[in-house]
Every structure is written in C-alpha cells, then in structure tokens.
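Consider the two complexes below, in which chain A is the common component and chain B and chain C are the respective partners.
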Partner chain A sequence: MTDMLSAAFVTVFIASVIGQAMPLILASVGETIGEQAGVLNLGIEGVMLVGAYSGFIVTLTTGNFWLGMLAGAVGGVVANLAMLVLNVWLGLNQIVIGLAITLIGEGITSVLYLQNNAKSNTSLGTAPALSIPGLSDIPVVGPSIFQQSGIFWVAIVLVIVAGFFLSRTNWGLSIRAAGQKPSSLDAAGGSVIKIRSHAVILGGAFVGLGGAYLAELTTATFTPFITNGLGFIAIVITMLSRGRILIVAITSVVYGFTVAVGPALQVLGYNVPADVIKMIPFIVVILTLIVFARSSVVPPALGAPYIRGAR
Partner chain B sequence: MTTSTAPDVISLREITKAFPGVVANDRISLDIVSGQVHCLLGENGAGKSTLISILAGMQQPDSGTIAINGAITPINSPKAAVDHGIGVVHQHSTLVPAFTVLENLMLGETGVMLGKKKAKERLDELSELLGAQIDPHAIAADLGLGQQQQVEIAKAIWKGSRLLILDEPTSMLTPQAIEHLGESIERVKAQGLAVVFITHKLREAYAMGDCVTVLRGGRNVGHISVEQLASYDEQQAQDAILSAMFGDDINTVSDEAAAELAGATESVRETRGIDLENRPVRLELSGVSSRGHGRDVEVDDVALQVHEGEILGIAGIDGHGQGALAEVAAGQRSTSSGIVRFDGQDVTRLGVRGRQQLGLRYVTDDRLHEGTVGSMSVALNLVVKRIGQRPFWKFGQIQRKAVDAEAARLIEEYGIRTPSSATRAGTLSGGNIQKILLARELTHGARLVIVNKPTYGLDLKTVHLVREILIDFAANGGSVLLLSTDLDELVELSHRIEIISSGRIVGSVTNDGPGTAEKVGHYMTGAIEGVH
Partner chain C sequence: MRAEQSRGRAAVDGLVRSILPVILALIVAGLIILAMGSNPLDFFAGVWTYGITGTNWQRSLVLMAPLVIVAVGLIIAFRGQLWNLGYNGQYLLGAVVASGFGPYLFAALPAWLATIVIFLGALLVGAVWSLIPAILKARYGTNEIITSLVMSFIGVGIANLLIKGPFKDPSTPQPQTAVIPDDQLLPYIPGTAIHIGLLIAIVLAIVAQFVFTRTSFGLRMDIFGASPKAARHVGINSTWMVILLFALSSALIAFAGAVDVLGQYSYQRANWDPHYGDAVMPFVFLARLSPLAAIPLVAFYAVLATGGTLAAQQAGLNVDFLLVIVGLILIFMTITEYVGEKRRLGQSYLPPGLRRTLLRPFQGTPSPRASAQERVGEPIPPDTPVSESAPETAPATATDPAPAPEARTS
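Let's turn to the complex of A and B:
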C-alpha cells in the first residue's frame, strides 16, 4: 500500500491519465463542433483512425512529431470530406454515411499498416519534452504535467480557442444556430451549408489530431483498431456535455483515470484479471449513461440535412 | 433607408410562381410604398405566404420582376433581402428557442466577435421605437408570444430596413396584444418604413391598413388604394373587400356568413344556448395531471366538465398544454394523478381503444402524421381506428367489400373530395384530410369528440363546413371539447370557454355575448404576464 503514495508511482499515474484523456478531449471537441452545427458524425472512429495512421506514418518517416500532428489533422479533414460532400452538400443520411466512414477508416488503416509496417520497427520513440522552467521542478506534478511535449500545450490551447470561438464569436453563434434551428440562420442571412461545412472541416481536424495524439504520444506506435471504440466514447461525451468544452475536458479526464487505474492496480500487485481491467472504462461509460442519459440534450436539428423551405 | 424625400417604392410586376399542381402566384403586381401599411388580405391558400417568401428571398419566382425605386433587383437569397432592407416577421417564429433575445438578434451579424454591447444599445433603441420592454438576456422560448413577436420585429428592422413584412402576425395573439402590435406598427410607419401586413381577417385589414390588396387563388383580385380606402366608410370598405375576396362565391355563401368568415366583425356565438344544469355531465376531469416524456407542457391539476350537447372551448396560446389535455382525455397519454370520468364511469385506466368504443373520440391537430397514414388509401384511413373489428375484419382477414362500402358511405356523407376510395390519403388537400378525420371519429356511436385546432390552415369554405359539422354534432346531443388558438372560432362555437396556460386552467368564461373575446384575452394575458 505504501507504493501507492510514492512519488514515482503518482507521477507515472498522472502522466498516464493525461495520455489517455488528451486524444479523447481532442476528438470530443471535434465531434462537439460538428454536433453543435447539426452534423452528427458517427464516422468519428474511422476519422480518428485515419488521423492516427497519418500522424504515425509521417512521424515514422520524418522523425518529426509536429509534422505528424499536422498530418493527423489533414487526414481527419480528408476523411470528413465524405461527410461534407454527401451529407451537408447532397443531403444524404448522416447515420449511413457515418457508419460507412467508420468501416472505411478501419479497413484502410489496417490494410495500409499490414502492408507497409507490420514487419518493420513501428516504435516512434518519445516526443521531445518541453520542460517549463520553474514549474517542472515541483515534485510529482513537475515531471508528470510540466515536462510534457510541446504538442500537449498546443493541444490545450487549441481546445480553449475552440471553446472561445463557439461561445464568444458570431461564427460560433451561427454554428449553434445551424444545429438549433437552421431555418433561423438562413432567414438571418447566414448560409447553413457554409457554416456546416466549416464545422465539419474543423471538426475533422480536431478528431484527426486526437487520433494522431493517440498514436504519437499516448502509445508511440500504431496498431490496427488502435482507437478501440474511443470515437464512440467521444460521441457519448459530446452528447452529455451539451456543447460545453469544459465539461468535455472534465469527463475526458475521468475517462483517462478509469483507463489508467487498471494498469496501476496491477503494478501495485493486486491480482486483477486483465480482462476485468480492460472493462473498467466501458463499465464507467455505461454507468454514466444510465445515470445521465436523460439529461443529454442534443441540438434539435442534429442529424437533419437542411433544405430551404422544407418543413 | 434613402436620403431623398421621395418615398421608396418596391414594385412587384407579374410575379408568377407555380408548384406541382397549383399556381400559387399568378401574375401578381403591386406597389409597396414607404410610410404606408399595405394590407395583403386573402384566405389560406390564396398565395400570400408564397409572395412573401419570394420577397424574402426564400423562393424564386418563375417569372416576373421586383424593382426597388425603379431599378430591377433580383432577390435570390435571404441575405440579399436583408441587404436590400427587407425584413420579414414570418408566421412561424424564426427565433432560436434556446438562444437569448440578444443572441437571436445578433445572429447573422458579420465581424469576428459577438458585439454584445452594441447589440444591447440597438435593442434599447428599437425597444423605444416599438414601445416594448424586452429583457435582452431572457431565453426566447420563455417569452410570451406577444413579446417574441416584438423581438422578431426588432430583428426584422435590426439593420434599418426599408420594408417590414408581417405574415399573419395576429393569428396567435390576444386582443390586447393585437392592440399593442397596432401601436408598434404605427410607430414603425412613422419612421418612414413601408409595412406589408398580411392577414385573413377583414377587420384587421381595415383597421391597420392604408391600402388593401386582396389575393384569391394566387391572383391579385382587387386593390383598394389609399385614397379610396380613406373615402370609404366602414361598410363600403367591407363590401368592396368582400366582393373581391369571394368573387362569384359570394352567391353560394350568404352575405352574413361571408362577412363572418372574412373576420369582418367580432364573432358572436352561433350555437343555440343550452341549459347546462339539466344536462348530464359526459366527460369529467378532476384533478388530472399528465405524465409524458419529451418537452411538451403537461397538464397540471386540471378539472373540467363537458355536458351533453355542449361545446366547451379551451383557449390558450399555442403550446400551453392543449396537446397534453387532449391526449390525456383521449387516453393517449397517461395520468400521474386525478380521475377521468366518461358518462359517470371511471375511465382513467382505460386505453385509447376502450374509450373509443365508449364513444370518446379525438381529432388530432397533427392531421398529416398522427391523424392519417398518408401512404394508405382513403378507405383504410377511414376504418383505421377499427382495425380487427367486425364487419371490417373477420378472423384477422380484412373484408374489402365492407371497408369499401363504409368508405363510400362516409365519403358521400361528409363530402370528401377524392378521386376514389383507393386514393392515397396523403395526396388529398388539408381540408379533405380533415374531413376524413372527422368522418372517422364522428361515426359509429360517437358521444364526445375532442378536436384540437380543427380548422387550422384550412380554406374558408372548409372552415365553414367543419364548424357546421361540429355545431350539428352538438345539436344532436353530442359533446365537443374544442381546443383552439383561434379566439374567433372559440367564441363562435363554444358555450363556455376555459383558458389554459402552462398546463393549468386559469379561468372560465361563459360565452354570453359581446366582450367574451376580451374577457378570454384578459385571462390569457394575465396568466402569461403573471408568470414572468
């Protein structure tokens, strides 16, 4: 039991929580932007995988983690183009398209990985850490939080900026109107199609970043189906958070905690079967849903393509 | 806004717009001049709303031109309309319910940051102009309809419009709120804006308009210029408008009925008086609260009685629990407390089918979705509530002959205009679909019928017919629970009117002559303003 409070253990534990939470925060923010505009992207799992593989392959080739993140964002946008064209522009069913994106994303990344990378070294190593002067010397918190990669800090800033844009700008107001009542936005002289396009592209970038973060920083490699349902958990978090970025962050950290706690228990010598440990996050999600599902409020126009004049 | 002293003129020339099967606008020409209130009068389906959506850039005319001060100006998007200073208050609210007043007003602004401070100043300015008090931070959904409308008007003239269009602005308002609206319009007009005021009520056109254009069947069938209208007395104006509105039909409908349908005068009760004390209570709700799921307003501790042969009206602003009241009485929604009695029998636990068989019927306001199955034939829709019952079903088998015979009888009796009983119900007009619903519910031992907004969106002749059907039903001993947002309708048909607000009955008025509408309006306003 004494081990549990040791500085080294807590340090690793906090770092692990952050590693699990960050991909989820980024992906949930991406999903939130889309959902606030009325586009439910069930393809997020596939988009994350595309982002993860893009980031992985670029970092593996160039050795540059920042380039990898950029590639992840671009990959996410490209994957989301299917949603943009088929749903926002052509008005096809979001659920069908979303499931297709998930399946395609899973398939393509697995095939590419097995073809190109399965037989070679796939470890990316550790991203260079950015020690914050002063703060990084604090025991426990210093090495776990203030010696993260610079990517961590940029991601945090991006999330805050996204939250700011959604709540404080005309553009954010238009996004929310597109999800609440697109006809009002149209009548006010805004373009529903344009605003939803922005949201889908930006959302794709965030989801792709989430995938790339998962591959580059959390696991430092890529394996097929690496997201393992993380995209769907992002959808749950998005629906429960009702567009509030702070809640997205908090719930994501809670999720990261449940993932990190399993290995920690094993390290501490508790003899818990590995299968049970892997179940913990999902059990928590299910329990959360049972308790809070009633309070999940989605934008009224979520999932409905906008056609002017149709009632 | 122009700086010149000459009035702005927006000229519509030969505007034509056709939809599959109907010409909604047929070569309509009219001029809209600043500083005037131009009333567009016509019944449902006359083409008013289409004309407005063309002016608002929501739809494009098939042919014809719009010119602003002589220069031909295509309006090909709502944004273009806004840019040309055309502001529209649509019949159905375009406010985002979950947004605050300020957020609603800022929607569509350009620039990166939300300009809350500037928006608040502009709102103060407009509040003063409109003579309204609007809390900028209130959530739109929490405002009363009168206030919502003031916000809509503020939004329409937010950027300094030259033209304000009001599409049926009075249809949901209390008499008091209508008066207030009239004052606001006067002030807007005094600012030099042109106002287009759309209504299907003649007396409003006369009271509010400087000039009147009458639309019928998509055509401009009569224009009464500013000079003419000023020189007419009320009766002359009424006659002129009526003959334009009804044209040849004026002979088939009596003058009086026509004037009444056109809302020329304040409505009075048309049903014969009945002696309530001596009549048995047919439907009784005591302390009934409903329990649903969703965001509907539920009914809360409602007590009411409908007697034999009585039409009991329920007045209230739309969405104040009418739907829940109708459903809880019909058995479609469960009660959380209270007792529902029908002919003295406790039916609280009885389902829809059970109440149906006792003679308790319900005509929903959602004709197209809840009321009929659009892809099924007229005949099947007429018997759909008797699925499995003889003689239409035997041993689980549908009996086509019996169904067709019943359908033919009802089509004949209720004058449902359909190519055949096998036609898909969804292809019929709203009026004929409503007749299907009434025929289905009023046949086969109906003792009480609940009708929710029975004439909403129908053309005047069908409105007349539906009201006749209800009056006849009551005169023959049936009972009617009439839920409506149309005060004129309630006054015309009901013996008593109860007022519902936020799911509670807040007042009761006996319909005994002039002034009833004001009394009802008083309760409605009191209830709404009291909440906030």
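Let's turn to the complex of A and C:
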C-alpha cells in the first residue's frame, strides 16, 4: 500500500486524470453551447472522431501539434455543418441527423485510418512540454500539472472564455434565449437561425478540439472508434450541468478520475478486468442519473427547430 | 374514382420516398469509393455476387432473421415515441443468455424445451434490462435517449464479462462460449440452409402489424405516441405505457440475439457486436414504422451487408464503410421527407405524431403575431393563408424554413 502514495505514482495518476478529463471538458463545452441554443447534437461522437482523425493526420504529417489541434477544430466544424444545414436551417429532425453524423463519422474515420495509416507508424510522440517556471519544481503537482503541453493551457483558457461569454455577455444571453424561448428572441429582434448557427459552428469547433486533444495528447495516436462512447458521456454531463461551465469541468474531472482509477488499480496489482474498467464511467453516469434524475433539466426548446409564426 | 387515383398516387409517392433515399445514398457512397481510389462498380458488383448469386442469397436471408426482429422491436418503441437507442446492449445480453446457458440447457433438457426456455429467458432479460431507462422516463421524464444509450454500454460490458468469465469454454484459450452442437440448433427450412428463425421473424412482423393496425392496443399506442397528454385524457396510463413499450421493445431485441445465436452462430465470442440496431434504424423509418413494409427494406440491407462485407474487403475498404452508407441513407431520408413535405406530394411515411416530432415546428407557445391575431378573434389559423399562397416551387431559403405541417384533411 505504500506504493499507492509514492510521488511518481501520484504524478502519473494526476496526469492521467487530466488526460482523460480534458477531451471531455472540451467536448462537453461544445455540446453545452449547442444545447443551450436548443440544438441537441447526438452526432457529437462522430464529430469528435472526425476532429480526432483530422488532428491526428495533420500532426502525423507535419509533426506540429498546434496545427493538429487547429485541424481538429476545423474538422469538427465541417462535421457539424450537416447539423447546421439540415437541422438549423431546414428544420429536420435532430435525433436522426445526429445519429447519421455519428455513424458516418465512425465509418469514414475507421475506413480512412485502415486504408492510410494501419500499416505505418502511427505514434505521434509526446507534445513539447511547457514548464511553468517555479511552479513546475513543486514535487508531484509540478511534473503532473505544470509541465503539460501549452495546448493544455490554451484549452483551459478557451473553456473559461466560453463560460464567460455564455453567462456574461449579450451574445450568451441570446444563445440561452434561443434554447429557452426562441419566440422571445425573435420578438426582441434577434435571429434564432443566426444565433443557433453561431452555436453549432462554435460547438463543432470545441467538440473537434476535444477529439483532437484525445488523439494527440491523451493517447498520442488514433485508433478506429477511439472515443468509445465519450461523446454520449459528454451529452449526459451537459444535461446534468445545465449550461454551467464550472460544473461541466468538475464532472469531467470526476469522469477522468473514474477512467484513470482502473489502470491505476492494475498497476497496484489488483486484477480488474478491462471490461469492468470500461464500464465504470457508464455505471457512474447511470447512478448519477438515477440519483439526480430530477436535476437533468434541458432547455425547453431543445430539439425543436424554430419556425417563425408556427404554433 | 378520384379517391382511387389519389390513393394510387399516394402509394407511388410512398414508394418513391422509401426508395429514393437509398438510391441517393448508394450514389454518394459510390462517389466516396471513387474518391478513395477504388472502383465503385466493382463494389456494387461484389455486393450482387456475394449477396445474391449461387447460394449466397440464403446467407442474406439468414442475416435477415435477427434484423427483422430487431426492426419490430424498434418499431414498438418508436411508435410510442420512445427513443430506445440501447439496442446493442439489449441484443448482446439476449445473445449471451442463449450462448451462455445454451450448452447446459441442451445437455439437460430436450432440444425443443431448452429452446423455449432460452427464448423466454432472453425475452425476460431484455425486458428487465429496459426497466431503468423506462422508469426514469416515466417517473422523472429523464431523456430516454441518454439513459438507454448508457445502459447499452453497460450491457455490452456485462456480456463481454460473462463470456470471458463464467460462460467461457474451458477447452479453448479463446474468450468464447462453448459451442452448441449442430443438431440442437434451430432446424433448417427444408431444402435450404436457412434456419426457422426467419419464419419466426416474419410471423412476428405479421402479428405486430396486426396488433398495431387492427387492435385497440395498437390504437392506444398510436394515441400515446401522438400525444401523451391526449392519451391521459382518454384514460391511458402513461407511466405503464412507457414501461410496457420499452420492455416489449427491449425484450424483442434481446430475443433477436438469442435467435441469432441458436440459429446461426452456435457460440459467442467476446467483443462481438454486430450493431444490428444502427443498421436497421433507417429502414424502420423508411418503412413508416410498419413491420410488414420493413421486411423488403431489411431484406435489401441484408443483401447489402452480406455481399458488402466481402465486396468491401475486395475493394480495399473496411467493413465499417457500411456504417457510412447507413448514415447517408438516414440523411437522404430526412431530406427526401423534407422535399416531399414541401411539395405536398401526399402522405408522410410516419404516423402523424411521430412525424410531428421528426419535423417538429416550434411548438407550445404561439409567436407574437399569431397570438395577436388570436386575440382579435380571427377564426382562421394564422398560417393558413401563407401556406396556400406560397408558391410550391419557392426555393427553400435558409431563413425561411418549411411552413408548419398541418393536419391535412383528405
């Protein structure tokens, strides 16, 4: 048991929690932006995969992790364009389109990977670390938190900025109005379609970033179906946190903890089957949903395309 | 005379709307294959060769059996407007009942009795597995899409654990269950290599069709699906309805897993997940949630999947390419429906309630203009003149979506 508290072990554990939590935070923030505007994107799993693959392929060819993250964001936006055109503009069903995006995202990334990358080297290596002077010398916390890649810090800043804009600006108010009561936004002179378009594009960028973070920093490679349900967990987190970014971050870290604890137990010599480890986050999620069933509130206009004048 | 004509036209339109999305999806899939440097014609020829010719059509029909049962299961939930998306877990749990207990039961009981026990067990497991999402939905209105999906991941995990643990065949290092002897499996239809699971599936679809369209229970389902509030007014217990429909849907999907194992595979490997629900979903919608209409569409997919698996490998693609085709069908389906709705070609292919959800305009609160007119006491619904005066060929602009689909009186 003394192993459990050794500095090296805790360091690896914290880094692992962060690695698991960050993609989820980014994806959940993206989903939150969309959901607050009234667009439930069930395609998030596919969008993440597209972001992950674009990030992976760009980093693999250029060797630049920042370019990869950018490509991930662009990939996420492109994948979300289907939702933008078909749902926000044409008013088609969000659930069906979301499922279609998930299926196409899963299929196309898997096909592309197996055709282009399966037989060659797919390891991206580690991203250059950014040591924060002073702080990085602290034992345990220093190497695990303050020697992360610069991408980690930029991602955190982006999340904070998104949270600020969502809760403290007129634009954020419009977003929430589009999800709560689109007709009031319309009456106030705003355009529901325009605001929802902003939300879907921005959300796609965040979800794509989440996928790229997963591929580039957490796993340092891409494998088909790498997200393994992470997108759906992001939807649950979004539902439970009711648009508050801080709660998104906290629940994502809890998720990262549940994922990291499995391998950690194996390192410590407890023999936990891999299937149980994979199931833990989902069991935590369903228990959370059972306990907080009444709290999982979604915006009233979620899932409903806005048609002016319709009753 | 007129009525007959319009009925005939509606049937043609329905057919067009069911088939057009598939054709468009196949064309786009062909373009994608072309873009990836393979020949799409080779792929489609391969689908034909490996899916139809020789005795391959029998393999396609064997695949059809579980697909049709899953389709009926999905239709039950969707008709009640419940999104049961936990099919992968439900299916694998049903399969694991058959593959796990099968070897013991067949050793102890006569084959027919063991088969019945397994089928009942799979139905029961499926029904029980659906309780958490169903009760959360009925009691607290928790979104069943999320809960059923999360339960699905847990179900897949439990199935794998069972196959690697208690149900593992000790005589092989592979993580798989013991093989059920061939003579204990479901018998073949005489003269073919197709097991009777296909007949079970088709009978099930016919019974379901009858129940949906000819019984009071079917009517209750449709009322409930159209509007849970209206259902409460006519005395339908919505809590019970949610739980019952979810349980029936999930039980049938689990049953499909058991049929597949007892009919075709005779054992189950760990990490095997055929994703039948994902594949069947678009065809269920294209069939307008009618079990009988789903049969030919599912048959089409069975050929596509059977032939496509080998054809994709031959074309240098991965099997997951089928997912892309299914996704494309879903997208083209919604687009076709939208265009059809725009042109008012005829009936929509979903029951009004679900169609309204699928194409739901913003509901609940009238917009300021509408409520103003209502206050003045205007008897005509405010958007009627708009939809009548709007030219049918008006291009769909981004900011002006479809007029609200109203209840048509024809």
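One rule holds in what follows: the second predicted complex is superposed on the first by the 311 of 311 C-alpha atoms of A that agree within 3 Å, B and C clash if a C-alpha of one lies under 4 Å from a C-alpha of the other, contacts with A are read in each partner's own complex, and residues count from 1 in each chain.
We take it that a residue touches a chain if its C-beta (ideal position, glycine included) is under 8 Å from a C-beta of that chain, and two chains touch if they have at least 3 such contacts.
None of these values were measured; they are calculated from a predicted model.
Number of chain A residues touched is higher for C, counting chain B against chain C. In the overlay built on the shared chain, the residue A:128 is in contact with neither chain B nor chain C.
Of the two partner chains placed by the overlay, only chain C lies in contact with A:107; chain B stays clear of it. In the superposed model, A:173 makes contact with chain B only, not with chain C. Applying the stated contact rule after C-alpha superposition, one finds that A:191 touches each of chain B and chain C. In the superposed model, A:183 lies in contact with both chain B and chain C. When the two complexes are overlaid on their common chain A, residue A:97 makes contact with chain C while staying clear of chain B.
In the superposition on chain A, A:282 makes contact with chain C only, while chain B stays out of contact range.
Comparing the two complexes, residues 181, 183, 186-187, 191, 300, 308-309 of chain A contact chain B in one case and chain C in the other.
Residues of chain C that touch chain A in their complex: 32, 36, 83, 85, 132, 136, 139-140, 142-143, 145-147, 149-151, 153-154, 157-158, 160-161, 164-165, 278, 281, 285, 316-318, 320-328, 330-331, 333-335, 337-338, 357-370, 381-383, 386, 396, 398-399, 401-404.
Only residues 42, 82, 86, 89-93, 95-97, 99-104, 106-108, 110-112, 114-115, 181-183, 186-187, 191, 193, 224, 229, 232-233, 235-236, 239, 273, 275-276, 278-279, 282-283, 285-286, 289-290, 293-294, 296, 298, 300-301, 303-311 of chain A touch chain C when the two sit together in their complex. Touching chain A in their complex are the following residues of chain B: 53, 56, 58-59, 77-79, 81-83, 88, 90, 94-99, 103-104, 106-115, 155.
Listing the residues of chain A that touch chain B in their complex gives 168-174, 176-177, 180-181, 183-191, 300, 308-309.
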